[in-house]
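Written out below as structure tokens is the structure these notes cover.
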Amino acid sequence: MFYREAGQFKTGYADDMAVFPIRQDRIGIAVILAIAYLAVPMFGSPFFVSTIMIPMLILTMAAIGLNILTGYAGLISLGTGAFMGVGAYACFKLATAFPDVNVLVWVLASGFFSAAIGVVFGLPSLRIKGLYLAVATLAAQFFLQWCFVRIGWLTNYSSSGSIEAARRSLFGVQITGPGASETARYLCVLTLLVALTWIASNIVRGRIGRKWMMVRDMDIAAELMGVRLLPTKLLAFAVSSYFCGVAGAMLLFFHYGSMESIAFNIELSFQVLFMVIIGGLGSLIGSYLGAGFIAALPVVIKFAPQILGIELPSAVVDQVTVMIIGGLIIFFLIVEPHGFARLWQIGKQKLRVWPFPY
Amino acid sequence: MSDPILAVNNIEVIYDHVILVLKGVSLTVPKGGIVAILGANGAGKTTTLKAISNLLHAERGEVTKGDILFKGEAVQDRSPNELVRRGCIQVMEGRHCFGHLTVEENLLTGAFTRTDGRAAIRADLEKVYGFFPRLKVRRQSQAGYTSGGEQQMVAIGRALMSRPDMILLDEPSMGLAPQIVEEIFEIVRRLNASEGVSFLLAEQNTNVALRYATYGYILESGRVVLDGDAKALRENEDVKEFYLGVAAAGRKSFKDVKHYKRRKRWLA
Amino acid sequence: MVLVEPFARMATNPAFLVQVIWEGFVSGVLYALIALGFVLIFKASGVFNFAQGIMVVFAALTLVGLHEAGVPAWVAVALALVVMYVLAVGVERIVLRPLVNQPDIILLMATIGLTRVLVGFGELVFGGEPKVMIANELGIPSGVWRIPLFDRVVVIKLIDLTAAIVAIVMVAGLAFFFSRTRIGRALRAVADDHQAALSVGISLEQIWVIVWFAAGIVALVTGIMWGARSDVSFALEIIALKALPVLILGGFTSVPGAIVGGLIIGIGEKIGEIYWGRLIGGGIESWLAYMIALLFLLFRPQGLFGEKIIERV
Amino acid sequence: EDSVYIPLLTYRTGAFAGSGIPIADGMHDYFKMLNARDGGIGGVKIVTEECETGYTAQKGVECYEATKAKGALVYNPWSTGITLALIPKATQEKIPVLSMAYGLSAAAMGKTFPWVFNPPLTYWDGLSVAIKYVGDKSGGLDKLKGKTIGFIYLDAPYGKEPIPLLEGLAKDYGFKVAKYPVPADKMQDQSSQWLNVQQDNPDWMVMWGWGAMNPTAVKEAAKVGYPMDKFIGVWWSGSEDDARPAGPGGKGYLTLNFTATGADFPAVQDIVKHVFDKGNSSVKEKSKIGEVNYNKGVYNSVLMAEAIRTAQKITGKKVINAADMRLGLEALEISEARFKEIGLGGFAAPVKVTCDDHSGAHAVYLQQWNGTKWVKASDWIAPMKDKVRPLLEKDASDYTAKNAPWPARSEDCPKS
Amino acid sequence: MMAFVDTGRRAGPKPIAAGEVLLEVEGISLAFGGVKALNSISFDIRKGEVRAIIGPNGAGKTSMLNVINGFYHPQHGRITYRGEVRRRQRPDTAAQQGISRTFQNVALFKGLTTLENIMAGRALKMNVGFFWQCLRVGPALNEEIAHRRKVEEIIDFLEIEHIRKVPVGKLPYGLKKRVELGRALAQEPELLLLDEPMAGMNLEEKEDMSRFILDVREQFGTTIALIEHDMGVVMDISDRVVVLDYGRKIADGTPDEVQKNQDVIDAYLGVQH
């Protein structure tokens, strides 16, 4: 009823192929962007912005990256954490070696390093399929993490083995390093995310995205239709790792400020994988919803009793949080194995036919 | 008509909570009958069969209205396993063999619910090989590597192994050589006559189906639009034109199909 | 140097080489035990059960926790088995049944969700402190044998020996039980195609309870063995990750594959670490296993004993 | 009622919970005891709030962000990783970080890190004591020439922290170092490392371990027959739960320590009386009170409590804020007499923090496992300040260079 | 109506006139372990004809197609395409040479809509670079629109407008087959291999499908190799028929000849229709 395309006519294929062909969607997205750019920085508490929004958006970026690989190209990866690490270490090295170049440039450039590494570890995907491929990415995960610890050059031989975000600014406003305001960091993250999401959506809707999905859905048929599997898969690894690398660099520069290799462990890989699955494989909106759920919800649950003034031992809160999240994951998989993205679609469908049930 | 072995009363099926596929389908299969469900693609034949065998929930579909009686008992809430135990088994569309199991192992899985001992199972295995000699040749190959037709035989043979009272056959003729199609329907008739097995079959191959069936239902867009004795259906003008391909002037060639479309009368 | 030196070291001290191989053998056997749990469930349902690691911890903690609460050791074992059975039934009812016929990755995710639930629940009930495995009470020998060899000694812990024997017996038993039987066939059928299995009347419920319970038993045994070697704590869960390369190398569906894979990885990893690892900085064990598995996979994409991936159009 | 707020970053879950739980209990119980017995400090109640970090930097930072706005006086990260993440943030936001004998060694340089404190000594100090002890037993440091010292450590920033000094000392005294890193996922399966030890057969072994790594290492050492009285752990490897699982084989194992073991101190007895007996402690068994890690937690709270008192004295305020707390920490001095006064005579060596030295390089002693409990095995030994100090200075200046522009210290030193 | 195949027929080595041999297989043998799927099979396909391949189940028909487009590599034999002998080749090159096909067990891309599936058929023809793809403006958008136009023509032709935006996974079988044909047509093939395109269809749909096949051939002289079990269809629309029986070729000729061949009747047809 409220959500119908009736009366909206498309006058060309370009219109029909737009991201949001329906007017209500376009209005919706404008409202969301306005909230994200104006309301959140103005009314959000520093805790909300820095502990919930920033990591959530950064992890969304990683989730988009993994979604490109797993959701669009159908290749499972458990090495996301390490690919993010590559981005973080690359950005750290670049930013310290060339301090005069704007840090945003390096954040974006660092993705290319993880893309390259991603391609190397993507090579076995030609022969190895499905869950078996997980071992190749696990090899990446553990090998890269080992490198982060073992190669002193990566940390500029820091005795603690950790890497830090240097203080850098943009237009005179400090955006990274200690002392950068959460608003500044938030706006950087948001802008990078919006821009890269737009690019991702362009890629997946176009020729390249279609090839990935062909390989995902039926690789033999794709091959018989002239798609060369290896370059297609490697491109997916590259693009995916690029996004993950940028996310890693952002995690270091805009969120933690200082990280050690262990932060890029398999837990992180799993976390991102969760986001992708819960959000919905092969859906960019799903990546947002999934990241919101997996990144923000634990924090909310964890600090909810505190905020509500309920006294509970912190360990119990943590244990219960872990259980709730685990339970919710199972719950949502059961309710809708295709993730929030599908729920979202079904919701839209219901709105469209409202007030009739079908 | 004797007591129905299966009665489907006015069922409605919804997939994914929003897609309404069956809009009130009713049908009955008499004990010892061969009933065909005919209809175009997407009419809901498969859905009807899955609703009966309770395989729907594995596809996120559910029966929201109506009831299904097998041997007089409501079976909507039974598991597929229980239904097989009670003697109703489905042969799924698109074969669904266990690719990694050998042909023989595939057949043996059909006997999973049986408790009457190895010897009886062996005997039935031989019987199935008797029906499908080609399977005997390929008994040790992995089913995943057998040809499409061979897989269809495996699927049917597997169902026979459970010694059912009623078989739901979904498109048994699809992809089979003409000879085998006839053979399969002969087997259907034989099982029906000698062992009293009832059949409900969904078919596109109307020609054959109406030759072997005793009764037929025609489904369009989730509704039964026509039903009647097989013979009566064969005589129906519309059925003749749209399903049997014989117009007044005899069988027309595929080469000369014209580009016009006559509306089906029952849709008017 | 990388090529020669390690072999020189092997040659100059063969007794030590034997020791290294023995240690690799033992850890391989222990990896195999964890992998076995994975295989059982995968074979039967196509579910890649990530929760196997935490099931090991959970089983061991239940056992020790019960014993601490005053239950005699063997009664505690029996009760722990009951708990694992309840877990199997619960998992089947709550998690698997509604997820029948879903893609592998969804089921994998569900088991990771399950892992979280069990971690939280376990810590809530048993606390996070490490506990000492009741190895003596269960009659697991704790001494060491010192065997003279090439003028030196090779040390063999009796607990390791026990672990090896138990693991091999277990693998043999399971391989026997699950192959060639009616249930075994049904298990493989379910793994191939849930829906088709349903259609021929295989009861997924029953099958799943059986395999999850079997995996629970394996988990308990694994927990006792690992626990007796170090201690029982949630840190043990991490070791489950080590079972992955073993599993992949052996093939997801092969019981003997688990043991062979375990041995290749266990021994390869030890030899690699001891003789080569230090030349490049040490600690290479953390990824060597995966690299070894990867190498094998490049030649056999379905693992050593895995079922061939069927590719047809 | 007047109160001050101290968030306690703890971990009672995860792979390191075994070490985290007694520490959390100790920290908590001491404050609870002060509140119950004395009505707080200087008439001000201490409000504590635990926040679970699971030993991960991510959750640690979340905890920091969630609690800082409530007027946190000071943070105890209890993880080197979290400490590293908090140093720049807390420095910027002017909240002191107390990383007691862990964290960044260079934080001892108060001139560079005015907001970070790591008394009573740094890892480098600790390592120098271990080497001193080894030298002592070998008949002098000059006798170390040609010997091999094995270093087994958790392969993480924490475990790697001492390596620069170890290598420096090796050069100075002519001994060899054999390193045995233990990856975090291998904590419970160290057979490779100990096989290497067995083969190299170093004269001494030093360990920087944590959590489940410790008991496994002790067990493995016993298995390969390494002489336990030549095996020295850092203070984080010296709890009862680390040595006990090895059974009789663990007898002789040495570790550094800077707090006394046992509950025979009036203040600890007060904890039992005012907290445990009243059912206000999360400790389950009384025997756990007084164990090594529990006492570490108590000690950590003692440092904070005494710093609060000092701050109250310096500023004349009752309710102090984070900036005052910094002053209190920087002027912290607990003499032997003062320890006695607060019911902890002989519990630890006197501590003094200065503007210049936020750690103090205080003495530690070695304890030895006798099969059932820890016994003191040496006198208090002072670190090699002359060797450590230059390294600290260099590391601090490296840190500021890397984090340029690192804010120059603007805080005045407290006059005391 | 069929304006969609107007452009750049790939300039092959030499144009082949209707009636000339387009593809020739000689002595092809293929075995899987013990199973001899093909045993020294030879036949040819001439430009512009509808060539049916029939035979009982398991005779090796699908395997023959797999050999032709390079998915299986025969142990013996020779394949000549457009006058060039090709030995071992990767499956994706066959597509580049203008051979496209449909599959017996529908091999659509399940997650994609009808439209996207047919667009997928044009994967080989689209080549605007990565950079423009990222921005989806300029050349990338133009290319997308140009191909979209072609695809819409195919959709119109096959009368599947109503399912344009439906994910194909849930389509009924018959429509899937039609979409698959559309996808193959989108490749603008010179040789179209159809593996049981009419299985599982009712009469009306078979009629439609026959019409599509004949139209395609008529308009562009696309050569068609057809596997089909419905004898009515085969006899009506094919020009020549080759009959396989468990790896062997037992007959080759016009529909009428083949229909009367006793071997064929015994092995395949059974009762005469």
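In order of appearance the chains are A, B, C, D and E, and numbering begins at 1 in each one.
Note that contacts are C-beta pairs under 8 Å (C-beta built on N, C-alpha and C of every residue); 3 or more make two chains touch, one makes a residue touch a chain.
All figures in this text were calculated on a predicted structure; none of them were measured in a lab.
Chemist: More C-beta contacts across A-B or across A-D?
Modeler: If we tally the C-beta pairs in contact for A-B and A-D, the bigger total goes to A-D.
Chemist: From the C-alpha centres, identify the chain that is farthest from chain C.
Modeler: The chain farthest from chain C, judged by C-alpha centres, is E.
Chemist: Roughly how many whole angstrom separate the Cα centroids of chain B and chain D?
Modeler: The answer is 74 Å.
Chemist: For chain C versus chain E, what separation do you get between their C-alpha means, in angstrom?
Modeler: For chain C versus chain E, the centre distance works out to 48 Å.
Chemist: Where the CA atoms of chain C average out and where those of chain D average out, how many Å apart are those spots?
Modeler: Centre separation, chain C to chain D: 37 Å.
Chemist: Centroid of chain B to centroid of chain E, CA atoms only: how many Å?
Modeler: Measuring from centre to centre gives 29 Å for this pair.
Chemist: Residues of chain C that contact two or more other chains, please.
Modeler: Correct list: 123, 128, 241, 283, 286, 312-313.
Chemist: Find every residue in chain D that makes contact with two or more other chains and list them.
Modeler: Answer for chain D, listing residues that touch two or more other chains: 12-13, 155, 183-184.
Chemist: If a residue has to touch 2 or more other chains to count, which residues of chain B qualify?
Modeler: 19, 145
Chemist: Quick one: which bits of chain E touch chain B in the complex? Just the residue numbers, please.
Modeler: Its residues touching chain B are 32, 35, 55-59, 62, 104-105, 170-175, 196, 199-208, 210-211, 214, 229-233, 236-237, 268-271, 273.
Chemist: Please name which positions on chain E make contact with chain A in the complex.
Modeler: Checking each residue of chain E against chain A gives 69-71, 90-96, 100-101, 103, 107-112, 116, 119-121, 123-124, 126, 128, 130, 133-136, 140-141, 143-145, 148-149, 152, 183, 187.
Chemist: Quick check on the complex: what are the chain A residues that touch chain D?
Modeler: 45-47, 50-51, 55, 96, 146, 149, 156, 158-162, 164, 166-167, 177-179, 255-263, 265, 267, 299, 302-303, 306, 313-315, 317-319, 322
Chemist: Inside the complex, what are the residues of chain A that reach chain E?
Modeler: Residue list for chain A touching chain E: 12-14, 17, 199, 202-203, 205-208, 210-211, 213-214, 216-218, 220-229, 235, 282.
Chemist: Could you list, by residue number, the parts of chain B that touch chain E in their complex?
Modeler: 15, 19, 38-43, 93-94, 134, 138, 141, 145-150, 152-153, 171, 174-183, 204, 206, 242-245, 251, 253-255, 257, 259
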